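For reference, chains read A, B, C, D and E in written order, and residue numbers begin at 1 within each chain.
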Amino acid sequence: MAFASGYFKTSYKADLSLVETRTRWLFLAILIIGLICFPFIASPFLLDLASQVCLSLIGAVALMLLTGYAGQISLGHAGFIAAGAYVTAILFKEFNAPIWVTLPASGLVGAILGIIFGLPSLRLKGVYLALSTLAMHFIVVYMGAEYESRRGFATGIVIKPPSIGPFIIRDPLVWYFLALIAAVAALLFSINLVRSRSGRAWVAIRDREVVAEAIGVKVPLYKLSAFVTGAVMTSISGCLFAYYRGFVSVEAYSLFLTIQYVAMIIIGGLGTILGAVLGTIFVVLLPYTIDAVGRALQVPARLTTYMFAIQYASFGLIMIIFLVVEPGGLVAVWNRIRNYFILWPFKRRPMGR
Amino acid sequence: MQIIVNTVVLASLYSLIGCGFVLIYRASRVVNLAQGELMAMGGYFLFTVAMGLFKEPIPSFLVASVFSVGLGFIIYFFLMRFMAGESVFAAILSTIALGILLRGLITLIWTSQLWHPLEKMGITNASHTLVKDAVISTFGIVTVLSAFFIYLALFLCLKFTRWGLRMQAVGENPLLASRRGIKLHNYYALSWGVAAFTGGFAGMIQSCDAILEPGMVAIGLKTFPVVLVGGLDSLAGVIPGAFVVAIAEVIAINYISPQASEAAPFVVLLIMLLIRPWGLFGTKEELERV
Amino acid sequence: MTRNGGEGLLNVENMGVVYNNVSAATHGVSLKVYKNEIVALLGTNGAGKSSALKAISGFLGIDNARVVEGFIEFKGERIQNQPPHAITLKGIALVPEWGKVFENLTVEENLEVCVPAAKRQVKKQDIAQLLEYFPPLQKAKKRLAGYLSGGERQMLSISTALLCKPDLLLVDELSLGLAPVIVDELMGLLKIIRDEQGVTILLVEQNALAALGIADYGYVIENGRIVFAGTAGTLLSHKDIQEFYLGQADRESRTSYRDVKQYRRTRRWYG
Amino acid sequence: MDKPIDLSIKAISLAIGGLKILSGISFDVYKGELLALIGPNGAGKTSLLNCISGIYNPTGGEILFNGMDLARRTSHEVAEAGIARTFQLTELFKHMNVLQNLLSGRHLKMKSGLLSNGFFWGKTIKEEVEHRQAVEKIIEFLELGKYRKTESAGLPYGTQKIVGLGRALAMEPQLLLLDEPSAGMNRQEKEDIARFILRIKHEMGLTIIWVEHDMQLVGDLADRIVVLNFGTKIAEGKPDQVLSDPTVIESYLGTRAGAK
Amino acid sequence: MLKKGLFGMVLSVALVAMFFVPAYAAPEPYLVGAAISITGPGSEPLAPIKDALDIYFKDVNAKGGINGHPVKLLIEDTMNEPSRAATQARQLVTQNKVSLLILAGLSSLYAPVVQVAEQYNVPLLFLGVCPPETYPPKADPNQFCSTAFGMKFDSSFAVPFIHEQSKGSSLKLALEAMNVPLSRNEIDWAEQLAKSMGIEVVDKEVTPPPTADFTPFATKMKSSGATWAYSYGPWGMEVRTFEALRKLGWKGKYLAYGHIQAEDELKRLKDDDFYVYGTNAFFTDNTQAHQRIKAMSEKEKTVYPYTQLTDGWIGATVIEEVLKKVPWPATPDKVRESMNQVKVDTQGLKGGPIVWTKTNHYRTTGYYRAYKWDSKKNAVVIAKDWTAIEVK
């Protein structure tokens, strides 16, 4: 196959492989090496951001499965994250439970919440479903607030760093790799899901519910399973986030958090896992990028108050610009850039989408 | 007795905010999550006008209303126009982004200080005793009356004028309306303008009756329970919806726990979705549309 | 070429419509409609007739499609890729398929809504005059349009379109979902309206038989191309049209579907 | 007919929102036959199909299939019972490619669960390969090879309908319901469809209920025809006999067709 | 198409590039990092702190800095979001290498920022509000507090004050807090204190943070027959409840904690029975320090009015005093060392100096004063002058 003009597969199994061509293997290898080397060259601040991206990615991919693939709109994502975080906090505070208890417990509570959040989806869709999940979010956060004020945890609940055996996970470097592994695991899990039976059932429901049912998909079951999968992954990310931050408090799980996750999948591009990745990177880094721009502008101290207000507003503005200029999301931008380089130096673009 | 008066005033405020939401939804099926920000903007417009242009209340209110309507038009022509035909979710997100933008603008222009437009206009918010034990403030009365008259005006307009008729047609079948030579953009912009006006007016009254601060956008969150209980597409439903939510809130404050008053409207919302998802006055077909 | 001795009203020249910048729906469609004519555009689903119709009425934008080649000229003015309400105001009114009406408005309100702002002088008597063509509607004036029968809906749809005082009436799939008897009645009404009101009509139809019954001239579109054009009479007597569109060729002379071409065995992907 | 009965429809009636759509329709479908269902638009053909496939639950009557009453079953239960259908308008999952669309038809034949899918371990891989082979056979059968990885929204209209047919076949049903497979196709495409339908009947031995508008196709291919009008059955029998039935001509085929 | 592609490319390049823009490279100044809630919900009492710090250190730097080195303030806007505050604190400490961290934000931001301070062992000064970890007998080594309020001390002034004022008449007290930890805890403590003093507490209201309408709460307070009301929480809640009570025709007296807005608000409300108390002197004192704040504020055209700058100004005075005793080059350890034994003269802005010791990072003595409006004099008057409360 030395002069192969294309890459031919010789079995159906080969067609299932995720990484198809040698070039892609090469890119993947570079990416992996880059990710491993990254913490050794980056500043602690960048490392912190990278860990945040990785942890957020789990929640974003989960929302992508739920909304982008199964088509169930949810505005209650922060509720799932809060649930995971509060389960961790409560177990830690009340029973001093270690991470190998809180992590599965968060997942379990997430699963239960997923079913509860998902039940309205059997009857409702679109805006109605979105608003019902929004209501659920408020109720979950209210319960968290009640716990906090009843137990008198004045300024949120502080959680000690988790330990596995004798090792205490505290070092940012360790956290980075932990978050990276968790994110990659979540990514692989999601990619596998969407390319096999369950994922196809979800997309079928999203694209055409009546037809999905006619080919034998148990629609209620699969809707709930989408909610449960999304909720479990998100709750686990909530648990990890709680450990990473070292505290849990109501203010951290406001509607704004949901908005950020929704922004991730829409700005990334609905219906693609890559979109979730790009969207997460974009949304997590955006405020700090805006900060950096603001700082680079060297505004006189007197005007910085206005500068901060502008920064706050520009988060909204950039989101709006994105929605208006590029409804296809970052994936569409990515595909254009890729096509440009694949074709370079030829100008003709392929007849694709 | 006092509790009833309070509830009526609160419900009037909610129905003022909610009607803008319903108008936009009916005309363009867009869920506007920036209703609270539109409301706050109204208050800030009033403050600016009262401080810079007029000292008298009535011209101040009028000019601020004009600004509010203008804001609605601007929002439509510079943002929402481009969201036509996008997914429900993208449209929701764009209104959220709009909310963030507006909040940033408020801090930018008026900072996060507390303001009192009432003081600038040199009038006081006197109290009046209705019956024994029941007191209502001047702007409480204004809230109730303006809710009444704005609703009356809206009903009359929608029922008996060409514009109202066409607005209804646009909401029902935009494609067909456009085939009949109705300029969709104008009607969508109109719905945004009216929504910004009613919301903004609520904000003006609220800023006079209480205080003007960026935090007042949080009231906008109550819109969703209000309109869903009434029915997303039903203007008439907003009023009972507002009452149900206001009553739920007052009951929560008085008999359960004050903090529950934040969650209570959403519990009401969920119960409503469970038993009658299309709302008290909404149409069942609406469920299938979105 | 002039037909009927009338002057040209609509001139579609070499029009190509492309969806999503990629897939072409029509290639070089050319057709002409002269004043006071009834022209039929015939074709099966997906042949490109609805794309042509959307292009003329300005509804391509909604499906992310554009006219990329050629032009559409109406009264000497290029109108391709303009928004629908602008085209309506220029004098082209569309009667959409399935008799779409505003279901939550009454028949009367449906009619009032459709009076364009530019032509305010249209008064109640115009509506009354129009309703004389459609006696069933007159009886149902106060009823919600959602409760009308299929035929009545089409009548309402036609009359609302006529209220826009169009020069050209586009009628999309009038026969769809209606009993043949009612289709005949509606077609007859259209002809009367044309004769009395002087409206030009472009019928876009699958039901070739019904359309050619009243049309003066007809075009047949297939795979995005005009394949036949001619007067109604020519088309009705054309052998292929008879076989494929009118379904009336005798069974002996045509090929049966049972004797279709041989199955080509394609190579399976891997062994 | 002495063939065994596959599906038996007994006095089916359906009303939606006070509107009577079907009233008391009964007929039998025999094993391995190609039964065409014809009638004007709005006669209730598609509604009847929806009743059989569980999308609507009829207000009265029974639909017996393998000793099971389908009248009160949900759509996916009907699918589990071995009935597959195609849809009138192209109803492919438009963001899936052809392969995925066909594989989605194998949903019921596959058994792997969510977790197994997520980790993509042994069972799932084995299943994916196995069912891929089954799907490849259908791709070959329907000559879809060159479209394998094309997203279905970008396919030509006719091809989309064939993929829809393929997805139904992928379910390996006993009974196939076709809803106007040839609608909007040109002669060439109709010939393809005709060929596929005949091959399905002869090579796979499926029972087919076929809603069709094209009288030529029906006349040439169908074993038996049932004619519906205004929700009632007005005729049933062999093609020649039904198509020359005066009531059918009057209410459906139209007198003009004969006259001119 | 090409334009869109370009848009995407420019955007991604900009995104990447922004992270490699060197932030602050100059090593000479004292680096002080501040995470302040300037925008976002609940930022109204905190945003003016930035103004005060800005003008104070502009003046200091103009006069040649501290020990010959200028002070460089690195200010970040937390938007009152906990995660954002944590990230910014980490950025300030690890990337910008500040030797002192300042936090002015709601109580929900404590935990995340304290974590960072602990992890990197950097002293953390609270402006605005502060946690009880700074109180004696065992203060957290890294946490310091120069703010106005202090949990359990404020009400130790307020409750006896009410008791004293109501001598000779019947006293029925209603309490109000907002459902945020600080406010709620303080009111619980006030209730306990009042009961121990034999005061009848007839009502206690806890309002949720985004309350649209305080009338329901005011109605409950009024119907409880209260003659005095004490409210402790954000200014908006305090004053709106008072106004709601007055709207309902309540005739009682009202005590509120006097936040930065208090001075202007007393003049606006002009109500003889509305009392505020706090630890800062009002501008009616017109000391030299007050004159300086006013002059600087007017010169620099601060965003917030000069009456709201006192808190931040005091904080800045403390920072200056601390840095003065830090030998060059400054490190977090040296700064902490200096903070462990500092005595700051507040120049009349408070009732006395702020003194920190190794075990007390709050102050050894708190000084409180109460103000009210006097309609006869048509001016704000002192209702009770400086009262010292020992902090133990």
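Note that a residue touches a chain if its C-beta (ideal position, glycine included) is under 8 Å from a C-beta of that chain, and two chains touch if they have at least 3 such contacts.
On a predicted model such as this, the values are computed, not experimentally measured, just so you know.
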Problem set entry | Smallest count of steps, each to a touching chain, taking chain B to chain C | 1
Problem set entry | Remotest chain, chain D as reference, centres from CA atoms | E
Exercise. What whole-Å value do you get for the distance between chain A and chain B if each is reduced to the mean of its CA atoms?
Worked result: 33
Seminar exercise, completed: Expressed in whole Å, how far the mean CA point of chain D lies from that of chain E is 73
Problem set entry | Inter-centroid spacing, chain D versus chain B (mean Cα positions, whole Å) | 51
Exercise. Just curious, how far off is chain E from chain B if you go by their C-alpha centres, in Å?
Worked result: 34
Problem set entry | In chain B, residues with contacts to at least two other chains | 103-104, 107, 111, 221, 259, 262
Problem set entry | chain E: positions in contact with at least two other chains | 38-39, 47, 179, 303
Problem set entry | Overlap residues in chain C, where contacts from two or more other chains coincide | 22
For this session: Could you pull out which chain E residues touch chain B in their complex?
Result: 38-39, 41-44, 47, 179, 205-217, 219-220, 222-223, 235-236, 239-240, 243-244, 246-249, 261, 268, 303-304, 308
Exercise. How about chain E: which of its residues touch chain A in the complex?
Worked result: 1, 4-5, 7-9, 11-12, 14-15, 18-19, 21, 23, 38-40, 47, 50-51, 54, 58, 73, 75-77, 79-84, 86-87, 90-91, 94-95, 106-108, 110-112, 115, 119, 131-132, 179, 181-182, 184-185, 300-303
Exercise. Which residues, counting only chain C, touch chain B once they are in their complex?
Worked result: 57, 59, 62, 83-85, 88-89, 93-94, 96, 100-105, 109, 112-114, 116-118, 160-161, 164
Problem set entry | chain D residues within the chain A interface of the complex | 53-55, 74-76, 78-80, 84-85, 87, 91-96, 100, 103-105, 107-108, 110, 112-114, 117-120, 124-125, 127-129, 132-133, 136, 151, 154, 167-168, 171
For this session: Please give the residue numbers of chain A that touch chain B in the complex, ascending.
Result: 67, 73, 75, 120, 123-128, 130-132, 134-136, 138-139, 142, 145-146, 149, 255, 259, 262-263, 266, 270, 305-306, 308-317, 319-320, 323-324, 327
